[in-house]
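Both complexes below contain subunit A, partnered by subunit B and then by subunit C.
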Partner chain A sequence: MEPAKKIDHSHDEKTAKPKKNPKKPKKFLRKSTKEGLSGYLFMSPTIFTIGVFVIIPILYALYLSFNDVQLLGGIGYEFIGLDNYTRTIDDERALIALKNTAEYVLIVVPVQTCLALLLAAALNSNIRGKNAFRIIFFLPTVTSSAVLTIIFMWMYNPDGLINNFLQFLSLPTYNWLADPNIALKSIMIMNIWATAPFFMVIYLAAMQDISDSVYEAATIDGANWWQKFIYITIPILKPVTFFVVVMGVIGTFQLFDQSYIFSGGSGGPNNSTLTIVLLIYQYAFKSLDMGYASALAVVLAIIIMVVTLIQKKFFGEEKLHD
Partner chain B sequence: MNKMLAAVGITGALFGTALVGCSSESSGEGSGDGGKTVVELAGWGASPEEEALLKETLDAFEEKHPDIDVKHEVIADQYMDVTKTRLVGGEAADVFYLDALDAPSLINTGVLEPLNDYVTEDFDVEDFEEPLLNAFKKDDTYYGFPKDFSTLSLFYDKAAFEEAGLEGPPKTWEELSEYAEKLTVDEDGDGQPERYGLGFSKELARQFYKFQPNGAQVVDEKGKADFASEEAIQALEPIVTMYQDDKTAGLPSDAGNEWGGDMFGQGNAAMVIEGNWTIPFLEDNFSNLDFTTAELPTINGENATAAFTVAYVMNEQSEVKDAAWELISFLTGKEGMEIWTSKGFALPTRKSVAENLGYEEDPLRSSFVAGASYAQPWQAGENLPIIMTNFDNQFISALLGEQTLEEALKKAEETANKEIEAAN
Partner chain C sequence: MKKRIFSKPFIYGVLILYAIITFIPFLWAILSSFKPLEEIVSGITFFPESFTFDNYAQIFSREPLFLRWMFNSLFITACMVFLNIIFNSMAGYALARIKFAGRKFWFFLILVVLMIPFQVTLIPSYLILKAFGWLNTYQGLIIPGMVNATFIFMMRQFFLNFPKELEEAAQMDGLSRIGTFFKIVMPLAKPALAAQAVFIFMSSWNDFMRPLIIMSDEEMFTLTLGLNTFKGQYISFWNLIMAASTLMTIPSLLIYAFFNRYFIKGVTFTGGK
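Take a look at the complex of A and B:
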C-alpha cells in the first residue's frame, strides 16, 4: 500500500501546484518545450542551409517540371500540367540515356560489390604488408574523378598504354574512346576500378567486427576456408551488402562527370555514353529548357527510389546492428 | 535562461556568417576608376599568340579612347552554355563573340542589341563580305559584325606527294580519292594504315558544304532537318566509301590524334581538309613539315567550301551601350581588323583590309581567300545545334558500317525533327 500512497501523494502535489502558484503560466514555456526550442535553435544554421540549398531547390524543381520555362529574353513560366512528363515517353534520347544508365548500373554495381568483397577478404587475412596494400587499394578513391578520367583517356588512346599492353600480350586492341560499342564499357572499367576500394573499406570494417569465436566454432566442426566465407562471412555481412548495393546503385544512376569528360559533353560517340544526368544537363544548360530538364530529374529520382525499395524487399528488413 | 541566451547568440553568429557568405559582391559594371567607362568583352580562349594579338588590338583601342577601359574575359570551356546562362542571369558581358551557328537562335530571343542605329557612314558596312555579314542579319537588321572568318582548304604533304609520284593537288573529288589511295601507307598490312591518304572530320560542320553542289540541303524553309534525300546520300557517299571500303581516309581519332591538324603534322595523314587556323599550328609545332594548301577539289564541277565566321555582338542589357559600340566599331572597323588579322590566324571579313594585307598573294593563304567568294557559311536556322548533334551521332555509325548511310540520315532527320517539335 505504501508505494501507491506515495504515488497518490505526488500526484496530488502536481495537480495542486498550479492552484498554489497561480502566477506560474507567466513562465510561459514548459521545460521540455524550452529544451526543444534551444535544440532547434542550435540546429537552425543547418536547417537554414539545407532549406536554402536542398529543400527549396527540390520544391522549385518540382514546380518547374510542370511549367514551360522561357529563360532567354525575358523570364516566363507557363503552366502546362504533365506535358513535360509525357514528352519523356516520346523522347528517343531519354530512352537511350535510360538504357545506357540501366546497363551501366546492372554491370557496375554487381562487379564492384563482388570486387570490394574479395579485396576486403584478402586484406582481412593475415598476409604480409596488408597495411601497405590497404593504402594502395584505397588511392584511386582519393583521386578526383575528373583527373582520373583525363588520365584514363590518355591510357585509352588508340596508341596509348592499354592498347600497347594488349598488343604486347597479342590480344585484340580496341578503339576505347571512339567506338560506340566500347565507349561505355571503358567508363565502366574505370569506375569499377575507382569505386570498388571505397566499398572495400566498408566491408573490411564490418569483417573485423565479426567475432573470432564464430570462426573457431566452425573450424572445430571441420569447415574449410571457403565454407567459412560462404556460410559465415557473407550472411553476417548481408546488412553491409545492402548498404553497399544501395549506395552503389544511387552513385551509378547519377553518372555524369566521367561521361561528360569522355564525350566533351555530347554523350557521343553515337549517344553511347549519354546518361540521364548528362541528358538533364544538356537540356538545362544547352537548350535552356529548365522545365523539361526538371521533369527528367524528377523521373530519375522516382526511378532511384523505386529501385531502392525493391532492394530493401530483396535484402529483407534487417538492421545494420541488432 | 542562460542556455537559451547562449543558443540565440551562437545561432545569430552562425546566421550572420551564412548570410555574409550569400551576399554577392556587386558587379563592377558601369563606371570604373577615375570616371572611366568599363566595357566588358567576353570570348573563348585561343593560342597565346592570338591572345597577344587581341591584347595589342585592345591596347590600340584604349589609346584612342582614353575614357574607356576594356575588361577582357576568357570563357575557357562550353562558351555558349556559359554565355546563355549569364544572359539569363543578367551577368553577361557588354560585348561578346558569337559564332554564326548560334546567331539565329540568339537573335530570335531578343537578347542582342540591334545595331542599325549605331552604324555611321564611316563604318562602311558595304566593305564586308556579304555572305558573312548576312549571317548576323535578320530582316535588314544587323545584330553583329563579323570579326574574321576561315574557309576550308586542302592541306597536303609535298614530300608524300613526291614519294607517290603525284604532282599538284587533286582537282576533283574523284581525283582526290585516287590520290588518297596512292598516298595510303599500310606497311604491316593489318588494314589499319600507318598513314591515311586523307584525314577528315565527320561532323556536319565539315560535311555540309558537299550538299549544295549535289542539290541537297541541311534544312528546309521551316528550319527543319531535310537531309535524308537521295542527293545528300550522293554527297556523302564518296567519303563513306573511302573510309569503309578503300580504307584510304581516316578520322583523327583512328590515328590517336585530337584533330586533323595534329594528324597531318604527325604524318598520320598525307592530306587533310582544315581551316587556316591550322597554318600557325603547323608552323609552330611541325616546322620541318613541307606542306602547302590548295582550294578544295570540285564537286560535280562546282567549287564548294565551308566558311566559319564569328561576330562581335552587343548585349541588349548592357548599361554602357555607346561605349560598347565604340569597341565593336573599332574591332570590326578597318583599323582594328587590320591589327587583328595581321598575323593570319584568321582572315579579314572586310575586302579593303584583305587587300591591304595582301593575303591573295600569300602562298599558304591564297586558297582560303579564294574560297571566300563561293564559300557557304556554317549556319542553317535556329535549330542547327539540334540537327548537328543528331547528324553527328548517326553519321559515325554509318561510317563504322553499323547501318547504311540512308538509314543513318533518315534516323538523324527523324530524331532531329521530333526534338525540334518537342522543344517548340
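Take a look at the complex of A and C:
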C-alpha cells in the first residue's frame, strides 16, 4: 500500500507549482506555451480514446437508460423517465440474476481470500522451491477464461474426470453442468481455483515486506507459528485483505465469460447461472432492448463504484493511522 | 525468517497438493488432445494409450477458419500491445514530467476512469462503433482499447522517479521533447514497458466479451470466440476441443515462461496501487 501514499503527496506538490507564475517574463511564457503544446501532444491519443470510448459512452448510457430505444432501421429514442429503472423491480429474471450474483460474490470472495492468504503464508515460510510453486500456482491466471471454462466443462462431464475421481473415493457424484442446484457452484469452484493465486501473489508481496524483528520479539515470548500468524501477520495485513476483498467483490460482480460459455449464453439450466452482466448482454444484444439494458448497467456501475469508493475511504483512514 | 515451525513436511504437503490441483486440469487437457476419439468416448484413461497428433491436423481441416482466427487474435493483440505501450507511456510521461495547463484535471480523469466498470460503456460503445461503421473490423476492437488507464497510472509513477538529468542533458543537446522521449526515455523504461506488454498481451489475447459484441462475422472472430464456436459444433469431440484449447494457450504459456518475473511485478503493482 506504500505507493498510494507517495502518489497523492507528490501529486499535490507537483501540481501546485505551475500555477504560481502567471506574470513571468515573456521568454518563460513562450517556454510554458511550448510545454503546454507538447503536453497535449503527448496526451492526445489518450484524450481522444477516453473521450470517445469512455466519457461520451457514460453520458450516452445515462441518456439511453431514460429512453425506450428502438433499433429497427436507424435508432429511435422515446423518453420514458425512470421507467427502465422501476421496471427492474418487477423483472423476475433481474431478481434471479441479482440473487445468483450475490450468492456467487458471498461465497467466492471469502473462500478465495482465505485460500490466497493461506497459500501465501505457506509459501512465505522458509521453504525450498518457493519460485517453482509460485510459477505453477500462477498458471490459471495467464490462461484465458474461455479455455479454462472449456477444460472444466469437460472435467465436469457426467462421466468425466471429476465424477470418476469422486466415484473412486466412493463419494457421491453430481451432474455438475445440468443440475440447476449445482451449476453455479461448479462455476464457483472453477473460479476460486483460477483467481485465488492472483491474490496470493499480492499477499505474498505484502508478507515479504513485514520486518523480521516483529516476529523475533514474539518468538522470544514463546509464540508458535500459528499464534504469530493469527496475532501478527493477519493484523498487519489488514489493509491488504481489505484491498483483496474489494478487488474480489468487483471482479465477481462482473462474472460473465464463464457463465456465458457454460450455458451457451442462456444462463441455464433454469436460469441458475444467469448473472447481472449476462442479463445485460442478453437484453442489449439478444432482445435489442438497449434502454433497459443500459439502466441495468448503470445500476451495476453504481454498485461497483460505491464499493470502490468505500475502499478508497478506508485506505484514506488507514493512512491517518500510521 | 523464524516463522515456520508449523512442521515443514506439512507445509510442503499442502503446497505440493495444491500444485497438483493447479496442474491437473492443464495436464488433462494436453493429454486428451493426443488421444484418438475412441479413447475419449470409451471412458477414462488418464494417459493416452495410442498417442496421436491427428487431432491437431483435424482442427484445421474441419474448421478452415481456425487459421484465420489465429491470425485475427495475433494481429489484434500485436497492435494492442504496440499502441498501448507507446500511448500509455506518452500519457504517463506527460502527467509526470510535462507542466501543461489542465494536467491535474487529466490525471484526476484517469483516476476516475480507473473506477468505472467497462460494462456501463459497453452498449454505448457498441452504438458508437456501429455509427462509425467499425463493427466487424479490426479497428473496432483495437482503437477503443489502445490506451489503458491502469498502465497510464503505472507509467506516471514510473516516470516520477525517473532521473531528470538525462533528459536535461538531451534537451541541452537540442533534442525536442518528442526526440528526448523516444530516443532517451523510452529505451531506459524497458522493464516497465515489458510489464505493460505482458499484461496487455494477456488481456487482449484472452478477451472474450468485447470481441463477442463487436465481431459477429465468423471471419472476424478472435480465437476465444472461435474456440467457443468450435466447442459448440464438435461438442462430443473433446479430443479436438482440447487440442484447440491447447493451441490457444501455447502463446500465453510461452510468454509466461520467458517473462514471468514481469507478471509478478505487474500483479504486485496492481496490489500496491
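Going forward, the second predicted complex is superposed on the first by the 263 of 322 C-alpha atoms of A that agree within 3 Å, B and C clash if a C-alpha of one lies under 4 Å from a C-alpha of the other, contacts with A are read in each partner's own complex, and residues count from 1 in each chain.
Following the convention adopted for this analysis, contacts are C-beta pairs under 8 Å (C-beta built on N, C-alpha and C of every residue); 3 or more make two chains touch, one makes a residue touch a chain.
Fair warning: this is a prediction, and the values are worked out from it, not measured in the lab.
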Contacts of A:D179 with subunit B and subunit C, given as first, second, both or neither: first
Which superposed partner A:D159 touches (first subunit B, second subunit C, both, neither): both
Which superposed partner A:L123 touches (first subunit B, second subunit C, both, neither): second
Partner chain(s) touched by A:F285 [first = subunit B, second = subunit C, both, neither]: both
First, second, both or neither for A:Q227, with subunit B first and subunit C second: neither
Subunit B versus subunit C as contact partner of A:S38, first or second or both or neither: both
Partner chain(s) touched by A:I50 [first = subunit B, second = subunit C, both, neither]: second
When both partners are placed on the shared chain, which of subunit B and subunit C touches more of subunit A: C
Touching partner for A:L72 - first (subunit B), second (subunit C), both, neither: first
Touching partner for A:A205 - first (subunit B), second (subunit C), both, neither: second
Subunit C-contacting residues of subunit A that also contact subunit B: 37-38, 41-42, 45, 49, 75, 157, 159, 285
Of subunit A, residues touching subunit C in the complex: 1-4, 7, 10-11, 15, 17-18, 32, 35-43, 45-47, 49-50, 52-58, 60-61, 64, 75, 118-119, 122-127, 133-148, 150-155, 157, 159, 161, 164, 193, 197-198, 201-202, 205-206, 212, 215-216, 219, 224-226, 228-229, 233, 240, 243-244, 250, 253-254, 256-257, 260-261, 264, 277, 280-281, 284-285, 290, 293-294, 297-298, 300-301, 304-305, 308-309
Sites on subunit C touched by subunit A in the complex: 1-6, 8, 11-12, 14-15, 18-19, 21-26, 28-29, 32, 43-44, 83, 86-88, 90-91, 93-95, 98-101, 103-104, 106-107, 109-110, 113, 115-117, 119-128, 143-144, 146-147, 149, 152, 157, 160, 176-178, 181, 202, 205-206, 208-209, 212-213, 224, 227-228, 231-232, 238, 241-242, 245, 248-249, 252-253, 255-256, 260, 263-264, 267-268, 270-273
Sites on subunit B touched by subunit A in the complex: 3-4, 7-8, 10-11, 14-15, 18, 78, 80-81, 84-85, 87-88, 106, 109-111, 251, 253-256, 385-386, 389, 392-394, 396-397, 400, 402, 415, 418-419, 422-423
Residues of subunit A that touch subunit B when the two form their complex: 34, 37-38, 41-42, 44-45, 48-49, 71-75, 87, 90-93, 157-160, 175, 177-180, 265-266, 268-271, 285-289, 292
